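Take a look at these structures.
What follows is a pair of complexes built around chain A, which joins chain B in one and chain C in the other.
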Partner chain A sequence: MKTKLLIFILLSISAVFSQTPTAVDIVDRVTNVMSPENTYSKGTQTIITSSGKERVFEFESWSAGKGESSLTRYTKPAAIRGQAFLMLNNADDIWSYFPRTKRVRKLASHAKKQKMQGSDFTYEDMGGGDVFQTKFTPTLLGEETRDGDLVWQVELIGIPDLEPPYPKIILWVRQSDYFPVTLDYFNESGYNTKSLVLSDIEMIENYPTAMTMVMTDNKERSSTTMRNLEITYAWEPPKGFFSERNLKK
Partner chain B sequence: MRERLIKQLADLAVNKTKLMLWIMAGITLVTMILSGGMSMTPKWSDMLPEGDKRTLEFDRILEEFQSASSIIVVAQGNEADIKAFANDLAPRVLDSLTIPGKDKEPAIYVRRVDYKADLDFMREHGFMLMKEDDLKNLKDIFQDPGLTGLLTNMNNSFEKEFIQPEESISNREEEDGALVFLNGINSWLGSMEYALKTGNIPAPAAEAAVDKLLLGEPYFLSYDREALIMNLIPTFSMMDAFLIVDGTDAVQAVLSEVLENHPNVQAGLSGAIAVGRDEMYYSSQGLEISMGLSFFLIGALLYMAFRMAMAPALALLNLIVGLIWAAGIVAVVVPVLNIMTAMFMIILIGLGIDFSIHIISTFTEMRAKGLSLEAATLSGLQKSGGGVSTGALTTSVAFLALMIGDSRAMSELGLVTAIGLLAVMVSSFVLLPVFLVVRERRYAKKQIKKGLSAEVTPRDLTLKPLGRAGVIIQDNPWISIAAVVVITILLGFSARQITFNHNMMDLEAEGLPSIMLQDTVQEKFDLSMDFAYLVSESVEESRTLRKKAKELPSVASVEDISTFIPSPEQQSKRVPYIEEIHALMEGAQVTPISPQDLELIRQEIERLEMNIMEFQSMAFLGGQDKVYSRCTEIVGSEEEAPDNTIFTRLYGLLDQGSSVLTSKLNMFQDSYAEYFTASVLKMANTDPISLEMLPESIVDRYASKDRSLFLTTVLPSGNMWQDKLFMDQFGTELETVSDRTTGMPVIMRALLDIIGRDGRNAAYLTLVLVYLILLLDFRSFKYAFIAMLPLATGAVWMVGLMQLFGLQLDMMNVMALPLILGIGIDDGVHVVHRWRLEGPRSANIVLSSTGKAVLLTSLTTILAFGSMMFSPFRGYGSLSYALIFGVGACFFTTMIILPAFMGLLDKKK
Partner chain C sequence: MKFWGTILLLPGLLLAQPEFFGYFESEADVMQLGSTRYNFGYNKFRLDVEVRPSDNVLIGANINIQQYWGKTTWNIFDFVPGYAESGLVLNVDLPDTLLLDNFYMKLSFPRFDLTVGRQQISPGVGYAWNPTDIFNSKSLLDPSYEQTGVKALRLEIPLGDRALFTAIAQPEAEIEQSTQQYAFNVGLGCFDFSLTGSLQERVDYSVPILGDMNIKQRMMLGGGLVGELLGWGLWAEFSTNDLEMESPFATFDYSNLSPLTPLPDQTFTEYVLGTDHTFDNSLYFMAEYFHNGLGVAEKDELSPADYLASLGGQSHSLMQDYVFMYAMHPTFDFVTLSTLLFANLNDNSGTFAPQLDWNAFEDTNISLQGSLFWGDDDTEFGLQDWGLRLRVRSDF
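Moving on, here comes the complex of A and B:
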């Protein structure tokens, strides 16, 4: 009898521990995984121009406060070397520096919903933060296998009063490390207008990190590929780093 | 019954020769007259099932909307030259035109020419047509017409333009808007430069610069401003098949005449009507060339095969008569041929000549054996008649099986070819023996006249090598069968790899002037002609459709009349901004420029330059190539200091002495400021825009002739010809907006699906029917099966070989699959017939005699189909390659498999 009781207790404990996490749990973990405190990276951004040519840019990027502040400076090609963007308050305030005119221009706050430097990412897509947690209601739709990984499918429905960036997003989250591998973005009419695929995932300083991110705009039939060439989370921002003065450097 | 009929026909040919000739001449005359009623339609939609809602809607659009049937003039050259050319051509094409080369009364073919935007309407309602966000951003510009104020306000507004409006707009719309803005500024700066340089500027030039700044470019210019489009609205539509050719030719004649006065301009016609004209003209020409070429090649082949001139002459003469009969009957049954059915004559040449070849072969063979004229005629018909009639019947049934399909492309092709084939078969049985008898009698008379014997010298006309090959196969049946099995497995594997090319553009004619200009329009104007249409019954319905269509992921842009008639809500939201602009401009005072203002003017010009430079950097990052290159034209490249831009030239001119400069700037300000103020006040009209207020040029573009229907044009965001999945997505998404969607992409998608399904169903039905006919003919399951074996194997070889040679299946050549079942079966039928007639182990005689005829018929069919390669329509070429592989494969499988079976089965006996 005692043995049976012990087995029952052990099974119950194991059942409790092996329970599928709730959608809220998954989104919390995704937010943690996706938002390291500080980041420094070097990378490339590849776009297709309006006349169908491929254009590759190289940039350096710094972010702090889990993406609340960030600075991106282009290094190649020569035509835009030194051009930089500063985003503060989770991309609510965006500033741009133009080396040719040596001017800093502030872009209005509603620009965060617009395409970032002509890419298929919006400023808000790159802003990071806890937007999934605060502006959406998550629902766990199920689980499936994607590229050999067991993933959860989570639907995020935007809370209209909080001005979510998209009315709906569907995430596919790896069960092994809570890293989202695909994000489908939907418009008000329910059409999947954009998709983000995160791949070449490597463990960098305890954070799963996608070395390649491809955002596809299904409406414009365009895509932007961001590749991390170098990345570290062990970077500490010096005081005043995210400032207009530093933007000009 | 067949035997009795054949005997009677032979008897009539020999004993009632003249009567038969007169009767046949009469029939030929009647059918020739009937054939005159046949015409052709170039519309792909005419290949869809009759009553198909997409076709009906498409036809309704072509009938009702003038814009759907337009002639587009594409002119290329430098900006000034092409504008001058357009100004010259427009009034000329509106005159009565005479059809070139024809003695007809002059006719009015062009109702209107649209080559400039209707600026008067924009001048009256320009601000009401602006989006609320744009009004918010741009209203600052319209508060001070003075030079200093305008420059300052322009800069303020320019800096706001970094932000896109809240309303979602496509990259294309964003880029186009930026270009209009940049062009306006550039033109205005240009007039300032002229004023500073000359100290004088004519009022029209200054006013034109203001118009460009406020209203944009009136001409329909390409992005590089080296091409211009004129839209000619004809008095006829795509539905008027004859006028398409005459009307287009008349316009082309005027165009060529005007071009003589503009040596630096190149221009041509494009658009639906010009493309339709070219397709009709060149496809008819292509088919005529193909027919002529096939007649010549077949004649040459028969001459070599029969070693006499009369045999091919008689065969071709009989074929021509058969074709006239076929055309006459077809003109009654299907008076309008479509792109697919138009090639039925070529198919008939390829297949119809076979009947003559078989009959002449056996007839000459019998005569060569020394048989009398009567005996040879009867024997010739008896020996070949079974094969010919069964072959013709199986092929006709195979074509008739195409009628199971829903598409007119397939069902009408099946019907006209089957009818035509039977007509040619009848002429071969009825007329050809008469020709042969006449020829033999004339020959005999000539011989007697020369004092020679009228008897025919016995000759061996068989093809011995084919007979010898047959004997080898007959003696080694298992080796031959093993070889066929191995080849079939390998080619079957290859066949499984074949892919389907959904790109309809690969089937279109190549090198046609109108199609090449379509590519120019696509390249220079970024304007695709592959749009879908939606029809609505009111402006409001059109607005709703537009809104829904615009949200679809597969849609790039939507154009409709509601763009020019904003909704009452939109209009009322714009009114406060327009009233503000009106009030500001009304109160604006233009003060003369003083020397103290010069520094500020210089600073504002420098600021404007910097704004454009920053715009340029953002355009580079954003991949907006057109904006980037226009900025580069204005401010130079980022990588080197600009030395000759409008700004560097202006800075040079600003270095003049202050009193001279002040005077010149005042002159410039005076030249435009009053006009600017008046124009802005006129544009700041808050009267609600209604349909009745729109100019004809805009209404005609979107409304039907009686203004009861409205057309919405939807442009896809991707290339559907290279991506079938996208084509399906576009079609499916549009169906959610309206169940009456039509247009080329929709029609082509439907055609691909329907023809694919029709082809598959027809192929299955053909196989069953052909087997049943063979069963009736041979009255033996075994022989019916054996006769079909080469065909089944040949079909696999055909697809396998196509794949090996790098061909893909497409909408045209997929028809070859059911066709080859009807065509390829003849080889097996003739050989099995002769085999049964000649008895066991008769491979030698069967292959050297009937085999030779089968070889000849295969070669003639290949030559006929091969001649289609020269058609400018690549679709015909694609079908021709498939049929060549099919006919060739069926010949070889027949020549290998059947002697092997002769060896196997007869050995057992």
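Moving on, here comes the complex of A and C:
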């Protein structure tokens, strides 16, 4: 009897530990992993067009509230030096600052779909927060091995009434740390328009961090590589940091 | 003198690890005006320097060197319908310039920012017109071009993250003659609102031939909003103005070049309504409607004095009602195709101007703009036939 009970307990424990999490659980964990409370980073953005032409930008970026507020300021090249973008409410509200005219302008939400400095990232792609949790319905499609890592494949279907950034996204999430290594973006016709691959993943202050992110536009055959040159999650935003005043600095 | 002052300051600025940047810009234009074709253009070099002696202090300055070539002397009457062949001559020269444009210091205190010196001030949310902007005027063919500095003192007090109070003073020899402008901006939901008030005690406009026009007092109350509705960007800007005229500025009877009656005091309203949208195929579209109560309503009521006063900067437009439209699409690698269209709805004249922008190298842009004008020969834009503009700009 005791032996049967022990076997039952061991089997139960084993079942609990090997139980595949639900799609909702995975997306919740992904959101947590991808959204440190605050972030400061310096990076480069390299655009390579379909004809092989290259443009390199450098920027500084700050975010707080798990990506709810962010500010990005370009430092190179000279033509756009000082241009800055303030995004609040998970990029629902965007303000731009153009140093040549000293003007701050509020952009309407349609501007979120514009390419950032002609790159393959839109403003919306740069907005953090809980968009995967709130604007999509997740389904776990399965698991596979990618580059030696066991990953889950999760499908996110946008909830139309909530104006999701894309109708459908497929995530490949590393099982070891819930870090998404690939995101495929689809349009209404089911065409895989863009793909984001996150690599060079390092542990920075207890958060797995992709030091390289490559967004490929599958239609235009162009790509944009974002590289983190410097990043910390220990940065604390001073009061009033995410404001028009600071945007103009 | 100011230039040499800047040169003398440079060694001190160098010690504070200044940042130097700027651009070289060259422009070539061809314009068909009646039976005559003109070539003209300029080469411009702008050098900016910024120094931050500490986190709370920013010192900035820029010098513009601009040399004109081709036709550099223009007879204003060539642009006044009905007077191109009149034999009247009022020449305006475009001399080569060396201008200390902006020259300012910004002090950031915990609760406010104070900027002192010659600085760019660009109030308003409109793109082609800004009824609340009493400092600048814009070219409809290039509304987003940088504006020259204004000697002023500006105080900005943030009131929370989305509210800002701004006070601007443009000092004159007598303190009571200084221009004052106050603005309060606040963000509520997905809209930003602003209220603006300004008082100008004495404004001297230099109007060709008519001499100076002196406004004893100009009081302006205005405001604006920017936000979105049904997925379209939306903005509005308005002002209501009271002009109290001081001197016997007169409209002219050009048949004998004698003054007629002085202009009376005036109250007028200006407003801009605008909208924009980015479509899924990356096409950006923007449109504005502008009404200027100070403008002339009917073409038949226009006099050369109205043209001259408009050219002198008295009014934001010649007539009352205008539209401006702009469409832009990133069509090829680093090539953007755009077009702008603006029209005077009162005299049915306008301009259609397609443009190609090519980011040829990392910091070098080449743009080619054509402009086709329509309307009768006695209208604001119909006077010209066509134009071409090639501009090359390299930033550093």
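We adopt the following convention: the second predicted complex is superposed on the first by the 245 of 249 C-alpha atoms of A that agree within 3 Å, B and C clash if a C-alpha of one lies under 4 Å from a C-alpha of the other, contacts with A are read in each partner's own complex, and residues count from 1 in each chain.
Rule of thumb we're sticking to: contacts are C-beta pairs under 8 Å (C-beta built on N, C-alpha and C of every residue); 3 or more make two chains touch, one makes a residue touch a chain.
If you're wondering where the values come from, they're calculated on a predicted model, not measured in any experiment.
Judged by the touch definition given at the top, the superposed model places A:D93 against chain C, while chain B stays out of reach.
Applying the stated contact rule after C-alpha superposition, one finds that A:R245 touches chain C and leaves chain B untouched.
Of the two partner chains, chain B is the only one touched by A:N218; chain C is not.
In the superposition on chain A, contact of A:S189 is made with chain B only, not with chain C. In the superposition on chain A, A:K53 contacts both chain B and chain C.
Once the two complexes are overlaid on the shared chain, A:Q83 sits against chain B while remaining clear of chain C.
In the overlay built on the shared chain, the residue A:V197 is in contact with neither chain B nor chain C. Within the superposed three-chain model, A:T101 lies in touch with chain B and with chain C [touch as defined at top]. Of the residues of chain A, those at positions 49-51, 53, 55, 78-79, 98, 100-101, 103, 105, 107-108, 110-111, 114-115, 118, 222 touch chain B in one of the two structures and chain C in the other.
Only residues 21, 23, 58, 108, 113, 119-122, 125, 144, 146-147, 156, 158, 161-162, 164, 185, 187, 190, 192, 226-228, 231-234, 276-278, 280, 282, 284, 330, 333-334, 359, 362-363, 365, 395-396 of chain C touch chain A when the two sit together in their complex.
Only residues 49-51, 53, 55-56, 77-79, 81, 92-93, 98, 100-103, 105-111, 113-115, 118, 222, 240, 242-245, 249 of chain A touch chain C when the two sit together in their complex.
Chain contact summary for the complex, chain A toward chain B: residues 47-51, 53, 55, 57, 74, 78-80, 83, 98, 100-101, 103, 105, 107-108, 110-111, 114-115, 117-119, 187-189, 191-193, 218-222.
Those residues of chain B that touch chain A in the complex are listed here as 159-160, 162-164, 166, 170-172, 175, 526, 548, 551-556, 610, 613-614, 617-626, 637-639, 717-718, 733.
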